[in-house]
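Heads up, the next two complexes both have chain A, just with different partners, chain B and then chain C.
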Partner chain A sequence: MPASMMQHSLDGVMGLTGVRAGAQRRWQKTGWPDHRAEQWRFTRLSGLQKVDLRFAESAAITAENQEFSAAMPDNAAFLSFSNGVFDQASLDNLPKGVKASLLDGDEATLLALSELVPQSHPISDLSLAAMTSGIHLEISGAVEIPIVLAFTGDDNSLSAHPVVSIKINDGASVVISEWHRSNVGLSAPLMAIEVGKKARLDYAKVQQDSAASTHLSATGLKLGDDSIFDGFQISVGGKLARLETHITLAGENADCTLSAIYLGRSSQHHDITTNMNHLKGHCLSNQVIRGVLDDKARGVFQGKVHVAPDAQKTDGQQMSRVLLLSRKAEADAKPELEIYADDVLCAHGATIGELDETQLFYLASRGIDGQTARGMLISAFLDDAIDSIKHDGLSAMLRPITTAWMTAVDLNSDGEL
Partner chain B sequence: MAATQKTIDALEEATGKYKYGFVTNIESDKAPKGLSEDTIRFISAKKEEPQWMLDSRLKAFATWQKMEAPDWAKLNIPPIDYQDIHYYSAPKTGGGPESLDEVDPELLKTYAKLGIPLDEQKVLAGVIAVDAVFDSVSVATTFRGELSKVGVIFCPISEAIREYPDLVKKYLGSVVPVGDNYFSALNAAVFTDGSFVFIPKGVRCPMELSTYFRINEANTGQFERTLIIAEEASYVSYLEGCTAPQRDENQLHAAVVELVAFDDAEIKYSTVQNWYPGDENGVGGIYNFVTKRGACRGDRSKIAWTQVETGSAITWKYPSCILQGKDSVGEFYSVALTNNCQQADTGTKMIHIGEGSRSTIISKGISAGRSQNCYRGLVRVQPGAENARNFTQCDSLLVGDKCGAHTVPYIVSRNPSGKVEHEATTSRISEDQLFYCQQRGISTEDAVSLIVNGFCKEVMKELPMEFAVEAQKLIGISLEGSVG
Partner chain C sequence: MAPLLEIKDLHASVGDTPILKGIDLIINTGEIHAIMGPNGSGKSTMSYVLAGRDGYEVTGGDILMNGESLLEMEADERARAGMFLAFQYPVELPGVGGMSFLRAAVNARRIDAGEKEVDQLEFVKMVRAKAKHLNINDDMLKRAVNVGFSGGEKKRYEILQMALLEPALSVLDETDSGLDVDALKVVSEGVNLLRDPQRSMLVITHYQRLLNHIVPDYVHILAGGKIRRSGGKELALEVEESGYAGINDAA
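After this line comes the complex of A and B, so read on.
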């Protein structure tokens, strides 16, 4: 039943009930945000309306997981999505402590998910309604083996709407990596993660979609008392990518890190949007954002820290820095603080600039050539963010991505960037 | 450490109990309520304006009718009935007075209560010239003789429209176009008075220029229009201060201020805004929707905005700089204090167009009571702005746990050689700071006062002496301060 999903009618999706029908109604009413939508002022989606995409009906390709495996910690367990459709065979790989089920028809889980994901968000509604596949994971105890959610795809006329819900039970701990390397027209993953009391999640999202893809993701997280979320995102691929994450610190004493790197070249557009919602007291949130932009790339960071009246003793920190390597690159930042409690320490910082001439001179005066010097400075710049990752396996996994990106940059350009 | 009663009292002293709440009984000459082309014709006729001005007003009115009130600010604005407002109100004093003797003594008394010793100004030997605006008509302009000797024009804008039509035609609306926003369009249609300043080439204005705005009649919208032009290598410092009497009805204030600075010129614009903020329950108070913008057209020109905002029920105000000239400089220093049910959404825009343009933004927000205080700003570096430099610092201090402090900066950089830095913090007075002071033998009370004074100091030191005293009083958290 192919149909243009960009139409508000969502013709391809019929006979929905319950939560998904509600999402479909909302999508049909609002559709893609237009130029007046404040949250989308730096990332315009008007181009999408003209594109005609279909939903995938089945996992048509054989996922090439070898590539992933190479970059992963040895024993990772893969859960694979191809063209947005879940490969049920991958359920055989589940490590101990992980229970998986399908979301389709599981109204209770879908309802919980719909409340966790970003509200009034086009991807929340669209991907819930147009869900190509959905799985629910429940984590208990300390799961030793890292889980990799691998998203591949090979059909550029398709739009993929995988939905994943993860519940980490009280006291459990797990390492999850969400890895996108697909070549679909639109990749719109919807994630909902609940981290229980005293639970811990180490998380890394890698967006390496193909150069022609549009990646729009919506992720919602809820953290319980004394929980730890150590999250990281890296956006390298895609033509246009927006990684939007909303985190609700719903329990006391939660510790949350959500750092990110975006690396843009040619005419790529990267958008990292975060919404840190402190509802309870004594929580810590920390965000380190680094962006490097070359050619005509554009980078956007929007980060909001909201502190509710009850969230006393909140410590919310956010730092965004962008390096512009080219004259045509553009960086936009909108860090935002919204604070309703008085006994808090919140700060944000944002800088945009080019490589420091005095630092380059310092290195040159010590006999280091321009190319090496530039590489060193960019690499050190990105390390600030990668160093915030506490899980060694994840940081080891991410470093090669930034290195690979840098070797492709023309670092030779002297002075005249 | 919670905010102590003393701090709160000090804040109330500064903002809560409005000591300027009195009404002057002067018969006034009002336009009937409501806004229509007839109202505009009435205002224009009252002002004895030439036809081109009336045409421009009517055009602005047509533009305004097509626009919608903005709703993006973090403000809860009750619907405003634009037909329930008087758009013109002038004290009945006959023709324009030649000297202070002709000014209604009632008015002079009002100003005396406000602490503006208008008739003492002359005695004070040329420190300040006051172009006092009482409601909508400029009542007195002092020191004009002295200013005209050096070629400085300082007069009500209505007079400038008659006397210097070429200058007004050339610059009015050139920085803030009619259709710039809802309130600027409204202002362009119905503005009643304001100040006009022209500083000729190479002249350093011999005194600080000052004007006190005051809303007196109930239900009278106050729509000032100010235009300041600084020619090459000139300098002017302009002071604006506001107080308003206590009233229950909400009053609307939509001013437009335009500044133009040419090569090597400098304009310093300072404001102490203390319009009536409403009572503890948020009843009454001024709605203050202001568009202030300066154009640094010339190379090495400089525009500095300094504001201390303590009044108004609602403040919507973003004094901005368009840095067109090479090496032009824009500065914005702001202290915004909100208490009770006040809402403030204020900040600045720095648009870097010229090579080597620099801007500094220092914003200090203090929220108390149930108020909401928001900094909103834009720093934009255009592709041609080689080596542009911006530094922004926004600090918020919360007093009490019912208030809110928000920071919404927008940063857009399209030139790699531009350097943009933004920092924002929100906090209470930290125990570390107090402890540090106590260790060194400073009493808690002194420490708090020291810290709070220090919190605003970067801004206060930018104010001219004449204002610094009043501003410190308004901020109110002075030496008697608070104990943690």
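After this line comes the complex of A and C, so read on.
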């Protein structure tokens, strides 16, 4: 068991009962994964173990959420977390069809949540035990107004553990985006989402935490019969970020997209880990992953597609492509297919490459400067993933983020540092 | 007044292999020059060296445009200064929309010249007008750059870019390669429309047939990395008759 200041302080979380007490016991037994844990081979947390972080407790709701509004659809409803603490005043913003409650003390909902999130997982256990704030949303009918879960923070000596559980009732539909712009030491959101029969969720997660932050999230989704999940993640912020998503296709005919983009520079580390678990037949899953790495940044994609014996006629697609803009950048891809049904269509692929010199010369020969030319080619590369988003509002929200990343500093032209 | 382009004792290598071994050439404003030569004579290398492609290293001599050396200029700077290369094999840019590509190219030059950027509506009109002469329809303009284009479409698209960018010097690298007779005619007519006393062209080709359509003022024979003979348009016909055999010896 690795030594960790965080581990000691979890010992100090007293008086937990039920599900959270169980999570606390598991965490205390296993703690942070060390270098021998296969799932954490490419993303080491040794740096985190040395940092002394306090669990966030009190809310200091800042005006930071204003900055989200500009990038959002006019009518979005904000549910705000600051330093991991939920701002109860934001409940006034709830659109019709959304019911909210607090998780604290709601043992039945906590139990359901604990079964949806990734199992035997450090973030599941730690954030459930340390839960800074927890809310539960229940969605009914067609919710017209997009919901934005906005996470901010201003204290980098804290570790924030917001927990959100969302139940989308049969036939309901909703657009949810999870937007992180925190400056806390560790941001460890735990999300559990259940999409009911014939329900639809359009979802985008934006990770734009501050350059000094670590972001480790665990998200569990369960999709019912004939449901649609159209999900997208973009990871641009943080010093180290791992966005881990486990999806269980638990009903027939579910249609699941989970695409992702990561953009890394300086010595950032981005990790996209997905686990697509096909339990029932006739389901579709599609993942388009695109990474761009500059300077000494590192990117990891681990994607597992598991097809159970009963999941006949599964169509599972996964494609990861990474562009390295610098010779010192590094990417790892670990796609895995595990298939136990015999009548399935599954494919995966992973490529790692550089910008094409011939294409760059063609653009230069038309008078287009190197920075602009590289931006054009990178945009084209990322569009493959952004184009997989079906909700226009969400794709319009995400494009400025990639554009801002490309114009923020000079993109390396030749890998020299 | 300095000539538009002056190539002085140009030596260039690709990797460790010397390809150009002392080229001298002067192109004045308004002139059309053709460079003919057998395979491996250094024709394409010459076009890349002029355009400033990485990996094509000038090891001696100089290239002057309007009296100023191009050697220290990057490819994009040369292009904005009025150099245009029509590629032998135009490059596909998947995901890069044709119209935004064309507009970026036109605006790059305008910004450099201190002119106003062209707005989108005005630009669409401008492109349509020039595309018409080259049988380029809206569908082709909407596609990603060169993606899914036939050989002939790619060459016409090169000439469209040339028409939009109005370069002082156009280098046409084997523009006839891969074209059938009809396509060759369309491309040549497009090029001829751009003939102008203010513009010069360097037409690089293996075969004489292109020069029936784009009639040059001067013809140079390149072989073994050097210009072996220069003359008027009749020199192209002579090559057509007797081939390149013996050219090397003639030097």
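Following the convention adopted for this analysis, the second predicted complex is superposed on the first by the 397 of 417 C-alpha atoms of A that agree within 3 Å, B and C clash if a C-alpha of one lies under 4 Å from a C-alpha of the other, contacts with A are read in each partner's own complex, and residues count from 1 in each chain.
Methods note: a contact is a pair of C-beta atoms (placed from the backbone, for glycine too) under 8 Å apart; a residue touches a chain by one contact, two chains touch by 3 or more.
Just so it is clear, the model here is predicted, and its values are computed rather than measured.
Colleague: Touching A:358, do we find chain B (first), chain C (second), both, or neither?
Modeller: second
Colleague: Which of the two partners, first being chain B and second being chain C, lies in contact with A:350: first, second, both, or neither?
Modeller: After superposing on A, A:350 lies in contact with chain B but is clear of chain C.
Colleague: Just checking: does A:331 make contact with chain B only, chain C only, both, or neither of them? Give me first, second, both or neither.
Modeller: It touches chain B, and chain C stays clear.
Colleague: Of the two partner chains, chain B (first) and chain C (second), which one does A:311 touch, if any: first, second, both, or neither?
Modeller: neither
Colleague: Tell me which partner A:38 touches in the superposition: chain B (first), chain C (second), both or neither.
Modeller: A:38 sits against chain B, while chain C stays out of touch.
Colleague: Which one hits more chain A residues, chain B or chain C?
Modeller: Touched residues of chain A are more numerous for B.
Colleague: So chain A touches chain B in one structure and chain C in the other; where do those two contact lists coincide?
Modeller: none
Colleague: Write out the stretch or stretches of chain A touching chain C in their complex.
Modeller: These residues of chain A touch chain C: 357-359, 361-370, 372-373, 376-377, 379-381, 383-384.
Colleague: Flag every residue of chain B that touches chain A in the complex, lowest number first.
Modeller: 2-3, 72, 74, 381, 383, 396, 398-428, 430
Colleague: If we count contacts the way the header does, which residues on chain A are in touch with chain B in the complex?
Modeller: 38, 309, 312, 322, 324-327, 329-354, 417
Colleague: Spell out the residues on chain C that touch chain A in their complex, using ranges where they run on.
Modeller: Residue positions touching the partner: 51-54, 74-76, 79-80, 84-85, 87, 90-91, 93-96, 100-101, 104-105, 108-109, 112, 144, 161, 165.
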